[in-house]
Amino acid sequence: MTRAIVLGGSRGIGKAISESLKTIDIDVFATSKNDIDTSNLDSVRQFLEKNSQTDILILNTGGPAPIPFSNITEDNWKLYHNQLFLGFVTILQNIQISDGGYIFLISSNVIKEPNTKLIISSAYRAAFTEVFKVLSKEYAVKNISCVNIAPGPINTDRTQELIENVKEFEKTLPMKRLGEPKEIGNFVKSIIENKIKYLSGVTINFDGANSNYIF
Amino acid sequence: MTRAIVLGGSRGIGKAISESLKTIDIDVFATSKNDIDTSNLDSVRQFLEKNSQTDILILNTGGPAPIPFSNITEDNWKLYHNQLFLGFVTILQNIQISDGGYIFLISSNVIKEPNTKLIISSAYRAAFTEVFKVLSKEYAVKNISCVNIAPGPINTDRTQELIENVKEFEKTLPMKRLGEPKEIGNFVKSIIENKIKYLSGVTINFDGANSNYIF
Amino acid sequence: MTRAIVLGGSRGIGKAISESLKTIDIDVFATSKNDIDTSNLDSVRQFLEKNSQTDILILNTGGPAPIPFSNITEDNWKLYHNQLFLGFVTILQNIQISDGGYIFLISSNVIKEPNTKLIISSAYRAAFTEVFKVLSKEYAVKNISCVNIAPGPINTDRTQELIENVKEFEKTLPMKRLGEPKEIGNFVKSIIENKIKYLSGVTINFDGANSNYIF
Amino acid sequence: MTRAIVLGGSRGIGKAISESLKTIDIDVFATSKNDIDTSNLDSVRQFLEKNSQTDILILNTGGPAPIPFSNITEDNWKLYHNQLFLGFVTILQNIQISDGGYIFLISSNVIKEPNTKLIISSAYRAAFTEVFKVLSKEYAVKNISCVNIAPGPINTDRTQELIENVKEFEKTLPMKRLGEPKEIGNFVKSIIENKIKYLSGVTINFDGANSNYIF
């Protein structure tokens, strides 16, 4: 039976992906912070001792609270460097992905259009995107596909916290609504279900036509 | 019943998309050059008289033969301006897409990494990508999703013509093979089948990790 | 003596470049519509008969009036296809640039962040950017540098026409002002004056930190 | 008198920039590792105590040795996180740039086209590019211009170390040569000398037409 590890699988986009994958008979390990805390490298290493192999890996984690640039401390930077970058790096250095498997990264559209509020997220998610792009070429040899999904405004607890008046915000969006987590869940599921392998080394905006950059 | 028009539906990627869509009970009109020739605006207008409405539209057309820049004539430019740009523009100006519908554009990865051999294709496909991006925001209001798929090396007759020694070429690719048209066909199908709507205004590289640009 | 041809050299950015180049003792031919009209290929060819060679070439032309997409006629598209694309192509196919020379393209930041109002400009300037990128590699062999400058909001007659209330608009810009044409003029001049050759094949946003895309 | 701080000013590109700026009567502090070591945050903070203000700041530092991804240790990541990211962040959080000043970042073209060999550099330089882009909008209010220069293959000691056979490598480049550090030095100088302020929030490839990405 195919096995998937979904990091941050207990809520938001991670939870939606877990639920979608379960519908196609995949054995899903939807991790919570008790299983692995990517901001803590010891926790990451302990997780890897017990989970050294998988067919499908979903790299997903919550984002930092918005902090004005001048107030971000060295400790803040280092914490999120672990959570958004070094934790994922440590996983990829140590976990074995089965030949023909999949790795999905859930990043954010702020890597293409960074913003002040989410400056930490913009920086470290962009950094990991570079690593993921480089590795996609190495994984390709083993027929492992690497897909980076860069969500825009999605209807999660986090968005509800970040945006003051969600109803008003939705009116400014091209589709007049937030995206639903299960749209991403079903997207991931359908790629796997249909054995689409040549989609790899790609960053896919998932934002309801909200971004302005041509690509 | 849902209706799809697939331009260039008689061969290559267009044919594969047509076949995939038929498996999910969509009424597919897979056009051939006899039905519509996008390089001929009169042909485009005649087609639109009979086909003024659809639920799903696949904008797809073959590419120009490789011609060295200094040898490209005014007539060459104008022909491919019609085929790769103005024909599609004329269609979008005149066809009605049902609310909740989909438009897929099959472009090419040369819009991001242009090359000498395919300079005409790079130019006009990039031009249409700009139009498609702008329009994605207007279509979003009617819940119509616009997805631009930018294929890399796919196993079509055209690739066989463009590449001298395909077997040798495949060895240079990260996945050691060309992509299969049906991978794109199934990708398109799965987005429609799963009613994924928030994926819009996006250009998706489909190239087996072959491109080098970060996004 | 070094010779420069500045297309659209009688006003706006073209005029500013002409004036800057004259300060460093360059023999500048600042063309007006009487000399060459890039929207008319016959005019372009007549110009080329008399001007078959130059050291420095500035590809610059005004943009189209804003027209809503649904109202753009076939004639509109074809006119601007000539003006923004095919005229420049014809020039590069026929003019000889001296070894060690320069070609500057004045495009627009709408090629990276297209907008509804300037959809024609976004499309054809992007198309020519592709051609220019490909050719930059061929010109490099002869030590000819190709630089694409993509201006944002610059204080020209055109901006005054396009923007209803310029004073209010300026308050929304990061620098609280439009850019000055002579900033672009001096930028071009300084690259030539300092014999900076390795800057080639590049698109340079010139927009006072106004664009949002990371690159 | 105008004051400039050039980090990494004792060799390579930093040295060339220092020398160019001196020719236009700028008081240049070309730092060496003895003055400030950006990989050591204590050293950075000590430097800032003595240097809390400048008119012009050049953020520049050497890159990491190439290490295969699987061999990069946690300590390696953390060291270069400091050197390429957190050191620069700490400087920008604490130094005062005079109104009307300039900040130049010397990054690398690997932020757009990452490669295996330089994976650390690709990641952290991309991360800082995100921060720099966001801050360019804030600095704009004080008429401070932020310019990110992304060099390709430049004739420095580092390139000589990284590339095995430089002569052979040069033949593969469009200009058949490496770029010269003083071309970048003169480029920086000319922007300052000509008071070009509207060039801000931009990443400029400086690679002799070597990159393949359209922008």
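Just so it is clear, A, B, C and D label the chains in written order, and each chain counts residues from 1 on its own.
Throughout what follows, a residue touches a chain if its C-beta (ideal position, glycine included) is under 8 Å from a C-beta of that chain, and two chains touch if they have at least 3 such contacts.
All of these numbers come straight from a predicted model, not from anything done at the bench.
Where the sister copies chain B and chain D meet, the same residue numbers recur on both sides for over half of the interface positions. Chain centres here are C-alpha means, and the one lying farthest from chain C is A.
Each chain gets a centre from the mean of its Cα atoms; for chain A and chain D, those two points are 30 Å apart. Chain B and chain D have Cα centroids lying 40 Å from one another. Residues of chain D found to touch two or more other chains are 111-112, 114, 126, 129-130, 133, 137, 214. If you draw each protein chain as a dot and join the dots that touch, every dot ends up joined to every other dot. Only residues 41, 69-70, 72, 74, 77-78, 81, 85-86, 89-90, 93, 111, 114-116, 119, 122-124, 126-131, 133-135, 137-138 of chain D touch chain A when the two sit together in their complex.
Across the complex, chain A is touched by residues 111-114, 126, 212-214 of chain C.
On the side of chain A, the complex with chain B involves touching residues 112, 129-130, 133, 136-137, 139-141, 143, 145-146, 152, 154, 174-176, 179-180, 183-184, 186-187, 189-191, 193-211, 214-215.
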